[in-house]
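You will see two complexes here that share subunit A, one where it goes with subunit B and one where it goes with subunit C.
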Partner chain A sequence: MNFRHKFVFLLPGLLILIGILIFPIVFTVRLSLSSWDSFFPGLDFIGLDNYIRLFTDDKRFWESFFRLSFLSVTTVLLQYIIGFSLALIVWKDIIFQRFFRVLFLIPMMTTPVIMTVIWRTFFHESLGPVNDFFSLFGVTPLWLSDETLAKVTVIIVEVWQWTPFMFLLLLAGLLSLPKEPFLAAAIDGASPIRKFIYVTFPLMAPISIGAIIIRLIEASKIMDTVYVLTSGGPGTATETSSFYIFIKGLREFQMGYSAALSFTYLIIMIISLTIIAKLLVKLLINNN
Partner chain B sequence: MKSIYFTLKYFAITLWSMFVIAPFLWALSTSFKDFNSVTGGATYIPWLQFEPSLEGWKVLVRSPAKGGVDIIEPYFNSIFVTCTASLISIMLGTLAAYALSRFTFKAGIIKNNDITFFFISQRIMPPIVLSIPFFLMLGFLGLLDSLFGLILVYIVLLMPIAVWIMVDFFNKVPKEIDETALIDGCNPYQAFIKVVIPNSIPGLIVAVLFCIIFGWIDFFFAFILTFTEVQLLPVKIVALNSSVTPWWSLSASALVSVAPLVVVAFIVERYLSKGNLSGALK
Partner chain C sequence: MRVLIYTFTICISLIFLSNLVLADKWSDQFPHIKNTGDIPGECSYESMSKKDYSGRTLSINTHAVPVMGEPTALHAEQFSKLTGAKVNVVHTPAGDLYAKAMVPFQAGQAPYDIVFGFSNFIRDWMQYLEPVPEKYVNMRQMQDVTQSHIGVASWDGQMIQFPIDGDRHYLKYRKDVIDNPKYQKKYKADTGKTLKVPTTWKEYGEIASYFNGWDWDNDGELEYGSAEVMKKDDLMFAAFFSRSAAYSKNPRTPGGFYFDLETMEPLINNPGFVEALDDWIAATKYVPPGGINFGLGDEINSFGGGQTLFSFSWDDAFVKAMEDGSPIKNKVGAAPLPGAEKVWNREDNSWDHGYNQAPYIVWGWASAVAKKSKNHDMAFDYLCFFANDANHQADIAIGRFGVNPFKKSDFDPQIYIERQGWDRLIAKSYAATLMSMEEYSTNRVFPLRVPGVFQFTSAVATGTSKALAGQLSSQEALDEVADEWKKIIKRVGADTIREAYAVGVALEDNKN
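Let's look at the complex of A and B:
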């Protein structure tokens, strides 16, 4: 095929993407080497000062990073377990199969911030239905203003919102599996549990890895939910990295420093996600 | 053994269904309340527990001058931005995906997979990293607070999704199809439009749906990059949540905003049941 044609297909998209992104990325790197803040807006050059500050004198950023890791790993794990179970249940014949499939998909179609506004009223400590229920037992947990419970609330909302995505990917995977291994297992008279461990799960391993990685990428950006639900509070109990960068950059206008934070964060994310992907492949595929 | 499994299965999906529906039912009930019934504590059933009022819904269509919340314009803005950005992303993304799936690119150590990864890796970028430079860039171009500026940003958000889905899909469309078309005398572009595209409709539909979903649910960029001239729906609704919180209009507007995408859920399920999705989503 003619050499020229392939570029006609590839380049429009690639060039437009690069065209829109080149400025932001180069600018972020440059900005991170400056001391731009609300008093002295401008691109002076202060070398690596921002990075030195970030690595030596910013406990809050690293705390927010570990909090984010905890939140995203927990939510993605829960989403995977629940999503996989639901997918397995509606995979085979079940009454109202299509109804349940649609229902389980709906939360991911809703705008996270808007639903979080609803969740906020849902978990409202004196007027919401959750505490209305708990008051039957004489307790009123502080869902949004207790340090531990605020994390739990964020996790609940995230699980509600994004389990459908996991469910969708895994169900699509299940529906595309070949029939022969299952027939063989049925002939051998394997119990449903053994069938799952020795047939379904290994076959689903590559799809599982894909789904988990995609979700981890998306979960690491968690921001909307926190912004509306708790604004990072109480204190810094639910502050994630994105939210911390948001506060530094667009609330305190320490543009230079927040660019350094952004860039460091991006590098860490790319490295850690690559490692996680490699680990998962090892864990889920090589073992079987 | 079998009956335990059976009971457990239905128990599990009933429980999860209740969890999924709960916030919607609560919003529906709240949207018919007024000040007194909200501040009186949690109530659920109209007429029985509180006197329903249509205030929450009426506010949505009243003009802002009379104390209403005008969500009609933001609604159409949201639809316009989402659809335009999705369409552009799909067109460019599909072309790029086709190139990456059918031809070999090599420039030094950069190969096809690396280019595909470059596209998809844009999703790793946290919105916050891009928001400040985008803010300055759009300000420089005079596109801040405009629909066109938002569409530009959303293309970055959505094109990776289109490329991700379409590369996998094209890899599953047999190469023989385009080769036959080329032998029959088509040039590569004719082969692409007349033969490959019609054979990729399921993948395209999935890609379009995903772009629409991820465009529609974005809040952050719309929040940072627009102020008064152009407002998108999520920003408008979250703004209601600020000082005085009128739960009833909040709930009503939330339900209105969620409604159109429920239709998307039905379409996605239809393709899932037909088995068409499985090829497109792996």
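Let's look at the complex of A and C:
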């Protein structure tokens, strides 16, 4: 079998890769160099105008990016802590272990948009059950209308929806850990806390990094929760980058400009997630 | 001679009876029109039954169920039974209607013969739409459409969209409170003022604040002053324009409400709009908890469910309140949008003092036929059938359908009294309010209909929502909107925008 034969076998896979991965990216880049909008459809060439506009005249995009960073880091951190705790609980032989394992996965199995509609109903300030409860104590928090509380609400919904994913990965990691280090720790008389700090957590570091990075990638695309829950409001308090790009692209139909936003956002995410992954490796693995 | 008279009378009676028989025939098959039966016309059930579209398929992209989506599907099914056509109806969320049609339009495709959207899409869509043929424009059914809505559906005198719905913003209020002698006395004693239907936005605010946060209808629940569409990007800009019209639409300064037509300078940050936004910020204190996040659905349910004293926007909240089974049926009233005691004069850069009121003939549901469709005849027949008199009268009685009056005959109060059980006075005030806005006012504001309209309205939504959330003052927020508008004008081209805007200004200045 010569090189040509190998190439023929590789060709279908290569074509699919070009079709579903390379072409959309190349087209997005080309689109970002055009002024395509509702009035001027077509791939004209305007050079780097859209990028110049983005870097010099679009404060709102950068505000939404920093807001997204805050929301995604906070939600993933909370998901990691809660997910790890739940995984530790059902890792041990406890009563109704199987039931709890399935129960903790239910939020992830539901449709995000549908669940967010339900959460929005829960948090409805004048008609929702959450405030019915709080009104017993004489307070009616503005879950969706107050700038700070709206962010908290988005975080609650995101954590509820995606903690099971973290739980699933971490539980799989825990179940695959070797038994010997734990036996050695038990022989040495280590307490459960010391066992966690010196055995479980270090052994789980590679899996934790993988889970955190996967979730950060997902969380950085947060859109449906914001769209349904707050529409980015009040004001722009919960507007994230992806929601902003959605507005520019599919609401205002500024296709060229939204392509520039998308491509810039993609580059920023690749760079920042690479740095975060390296930092986590240094922090959690190399130090251990 | 006597024989001749008898024969003539018998013939007339037979013709009349045969119509009744036909009416019964169609309402038996189609219970939707049970109240009226078929009403003769060019696109009646009888007329459509004579068409044969067997073997042909009509594709329609419409809104999600129920608003507009339900009547589209219902009339599609009826049309199919009558003509033999196969009708595919695709339902799309409101926010995606524009893009779902625009993407194939721009790609030169026609996956849908008929597209539903909002009437203010007209400038962006018109190059891809088939103008309504003269045959339909001249038919009796179309002659009944109000001049305002002929204007809304047309571009520079040519009808592009087929009228199926009519919209305007007006004031809705709880009649059982405003007309209640006990509350009138109490309000006078507490404030020194007369409790009446507000005629200015300041009065609206005062009365709404007074009736905010207590149980004034004794149902054991707290009630509030006003329900308004304040949620960002959820049609909120239309609510803002409703509040702005009185302060900024000056009949003495024609030539533009949104821009100065001559210079294309945005007017959105002039003191008239700023005053309106100040009022709106004050309104956040008398809406229900979370009212700042109310979309149209919340507003309809809030006022329609009896939670607030006032509301203003499309008809739906009023229709919901007046539906059978509503706890506040026949307890609500309709009135024109409040006005103001002053209006900004942009030529003199000063306030003109004196009462000013300007109806907002807001954009609403619209439908049109794709230019690239191969089924123009069938598509226009469907739309004509959708809006025929029998279907239309049945549709406007169902709040969730989102079909509202746009025909002159809709403003006959007897329709609502006899067919929907409305109180006589309420029906009269409702019909008179709508009629006065549509046919008699000469100081109306029409929706913005220029290229890239969504860029302009999105900027308004973002700016005003920042002000409502307390992130910016009214002036700062509207300055930001004006800056954004200038950038859009620069991108799209001032002349292009001016050319399109002039068409709307002509309507506002009563030149058409």
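Definition applied: the second predicted complex is superposed on the first by the 270 of 288 C-alpha atoms of A that agree within 3 Å, B and C clash if a C-alpha of one lies under 4 Å from a C-alpha of the other, contacts with A are read in each partner's own complex, and residues count from 1 in each chain.
As a convention for this text, a contact is a pair of C-beta atoms (placed from the backbone, for glycine too) under 8 Å apart; a residue touches a chain by one contact, two chains touch by 3 or more.
Predicted model, so just to flag it, every value in this text is computed and none were measured.
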Partner chain(s) touched by A:I82 [first = subunit B, second = subunit C, both, neither]: first
Contacts of A:W143 with subunit B and subunit C, given as first, second, both or neither: second
Touching partner for A:G232 - first (subunit B), second (subunit C), both, neither: second
Touching partner for A:L250 - first (subunit B), second (subunit C), both, neither: both
Subunit A residues touched - subunit C or subunit B, whichever exceeds: B
Touching partner for A:M109 - first (subunit B), second (subunit C), both, neither: first
Subunit B and subunit C contact sites that coincide on subunit A, given as residue numbers: 126-127, 131, 250
Residues of subunit A that touch subunit C when the two form their complex: 35, 37-39, 41, 57, 60, 124-127, 131, 140, 142-145, 147, 230-237, 247, 250-254
Partner subunit B, residues of subunit A touching it in the complex: 1-2, 5-10, 12-14, 16-17, 20-21, 23-25, 27-28, 31, 82, 85-86, 89-90, 94, 98, 100-115, 117-122, 126-129, 131-132, 160, 168-169, 171-173, 175-176, 192, 206-207, 210, 217-218, 220-221, 223-224, 228, 241-242, 245-246, 249-250, 255, 258-259, 262-263, 265-266, 269-270, 273
Subunit A partner contacts - residues on subunit B that touch it in the complex: 5, 9, 12-13, 16-17, 19-23, 26-27, 30, 38-39, 41-42, 44, 92-93, 95-96, 98-100, 102-103, 105, 115, 119, 121-134, 136-137, 152-153, 155-156, 159, 163, 182, 188-189, 192, 213, 216-217, 219-220, 224, 233-234, 237-238, 240-241, 245, 247, 250-251, 253-254, 257-258, 261-262, 264-266, 268-269, 272-273, 275, 277-282
Of subunit C, residues touching subunit A in the complex: 95-96, 98-99, 102, 106, 124, 224, 231-234, 288-293, 295, 301-302, 307, 451-452, 454-455, 458, 462, 465-472, 487, 491-492, 496
